[in-house]
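As written, the chain order gives the labels A, B, C, D, E and F, with residue 1 at the start of each chain.
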Amino acid sequence: MSTDFVRRADEVTEGVGLLRQAAPEAMKGFAALGVAATTSRALDAKTKELMALAIGIAVHCDGCVAYHTRAALKHGATREEVAETVALALYMGGGPAAVYGADALRAYDQMSRDARA
Amino acid sequence: MSTDFVRRADEVTEGVGLLRQAAPEAMKGFAALGVAATTSRALDAKTKELMALAIGIAVHCDGCVAYHTRAALKHGATREEVAETVALALYMGGGPAAVYGADALRAYDQMSRDARA
Amino acid sequence: MSTDFVRRADEVTEGVGLLRQAAPEAMKGFAALGVAATTSRALDAKTKELMALAIGIAVHCDGCVAYHTRAALKHGATREEVAETVALALYMGGGPAAVYGADALRAYDQMSRDARA
Amino acid sequence: MSTDFVRRADEVTEGVGLLRQAAPEAMKGFAALGVAATTSRALDAKTKELMALAIGIAVHCDGCVAYHTRAALKHGATREEVAETVALALYMGGGPAAVYGADALRAYDQMSRDARA
Amino acid sequence: MSTDFVRRADEVTEGVGLLRQAAPEAMKGFAALGVAATTSRALDAKTKELMALAIGIAVHCDGCVAYHTRAALKHGATREEVAETVALALYMGGGPAAVYGADALRAYDQMSRDARA
Amino acid sequence: MSTDFVRRADEVTEGVGLLRQAAPEAMKGFAALGVAATTSRALDAKTKELMALAIGIAVHCDGCVAYHTRAALKHGATREEVAETVALALYMGGGPAAVYGADALRAYDQMSRDARA
């Protein structure tokens, strides 16, 4: 399996930068929404990133899977938590969620290996 | 706003019962998947139901919103937690998530009122 | 369960008529596509309508569920065939497919009752 | 056809108000995004509302169809423009877009009748 | 066109294996659902795999297209049957279904060539 | 960023050719629908291609993004118009629309560079 999920996540980050230049006001609103939605309050940030990952799997968005797996990892998500997030997405998404959910686990393994190196 | 979310959630439960009779083996597998996916382990059941709600909002499934709002409430989810789940879904789903996410809050308010009565 | 699936299917048919007046050339192309796609050839028309139903369930389109359940019934689909179509959609769609799939069975039961009456 | 699209659009507006109270910071970001995205610049506001309508049809969101048909009407969209938007959505969405697209025309007819009354 | 659909299908199979280790109970339920849903009963297994392919096209899941095209081929689906499945998905999915449906044909041609070799 | 969007758009065009051979009647209807839907009438062809792009972003179809960005460019769409289309899709689609929307801008930049060369 050769997909480079670190690079895929980087492309998403670069893409957001590209949009910020091209549509600065819309992206300012989107960024404010993102900060408000993912900051720890009643639910902690790690849980919220796992939720974003679950949605990314359910809507078949490969860039979202790479990006939010990395964000969940940064907030301390364990492999078990990612696996249970995938299982929940599978229950809510069936076969396609197995395809995108397996990528979440692959991304986690690749990214946590990089983090340890 | 007249939608009866309790009834909508009941219809989903009845629908699952109908499918159980019509496709017993498939539903047995699906039920096992559902139990495994929503049982507390690394992530607790409340968090998992909020995740299922987030996906229900993101994929525009009104029955899922009613059903998983009720399940989250049964597992002790607060209004703040539901509101933050909606905010996360909005970040991952834009305008349509506002439509389905508002229904999650309406369902929560209706169902928690019924529970108190 | 009070949803009137016959009426829901009728609304879809009326809606197609409305579009035919408002966008006649586009609808002429769409109609030609529909005829070509659902006519018996290598696969028979009943199978094709069940496939359309499976997609309608998977993409969470309630009007499609009512409309293509009726079309499948008209082409002789049995309740078992509809139930297996729902089971397949459940495997490919998870929880939301249970919601929309149960409606396919309800529609089938309602419509086959009407047909017998 | 009895659906009250004016009321459906009102429910969306009320839902946004409900979310504004429950998740004020996220909704502030979302509102800023909405304003930036729908204001006339290189593309005019009417075109943008028709685009939002096209997406609402393509993602099977009935509340979005009611809400953005009304917004397009307010920005001066004609019935022909709505019909061509539906035709474009049909080309990009197939059968389900016929279901949700017909509702856009029904909403337009109902709302423009109300506006004239 | 350089996409290796055999490899894409293999990645899906490997992904399922990865999930089986990470979330064994959920995957056990999912496997039972998959077996029940795809076994020949009122509808035969080939038809069911073509249905799964139709859904994979309609929900824009490239891994599903590779995986279920191979499964349909294994159950004896002809190129004509795959083409008609794509045509049905096109009728229910519009433009995006042409993109993913063409991949189904490419996968079929590649896989049936491999099988003959 | 190494994705070759020109090639991705070419693959879509080739795919349509492949389908035309395999399912000629369905594709004839689809082509008629496409011509009717994208021809200038009340809305001009450029606006319609931008709408198709907005839908392609919203439904997470990478081939559609490449194909309709090229078509919009051919009809004279400016970078600002593409950026505003992406902003609108972001408002209607959230995070995943940022992923696919950034690709629309990348495709535009790549294709307009090629056109100038």
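Note that a contact is a pair of C-beta atoms (placed from the backbone, for glycine too) under 8 Å apart; a residue touches a chain by one contact, two chains touch by 3 or more.
This is a predicted model, so every value here is computed, not measured.
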*Which chains does chain A share as contact partners with chain B?*
C, D, E, F
*Relative to chain D, chain with the most remote C-alpha centre*: E
*Report back the single chain whose CA centre is most distant from the CA centre of chain A.*
C
*Which chain pair shares more contacting C-beta pairs: A-E, or C-F?*
A-E
*asked:* Centroid from C-alpha atoms only, then distance chain A to chain F, rounded to Å. What do you get?
replied: 26
*Where chain B and chain E are represented by their mean Cα positions, the distance between them in whole Å*: 29
*Residues of chain B that touch two or more other chains: which are they?*
23, 26, 30, 33-34, 36-37, 52, 56, 59-60, 64, 83-84, 87, 90-93, 95-96
*Chain contact graph: line, ring, star, complete or other?*
complete
_Parts of chain E lying in touch with chain C, wherever the complex brings them together_ = 33-34, 36-38, 41-43, 47-48, 50-52, 54-56, 58-59, 64, 78, 80-81, 83-85, 87-93
*Complex interface listing, chain B residues touching chain F*: 90-97
*How about chain B: which of its residues touch chain D in the complex?*
1, 60, 79, 83-84, 86-87, 90-91, 95-96, 98-103, 105-106
*Of chain C, residues touching chain D in the complex*: 11-12, 14-16, 18-19, 22-23, 26-27, 30, 34, 52, 56, 59-61, 63-64, 67
*asked:* Quick check on the complex: what are the chain E residues that touch chain B?
replied: 23, 25-26, 28-37
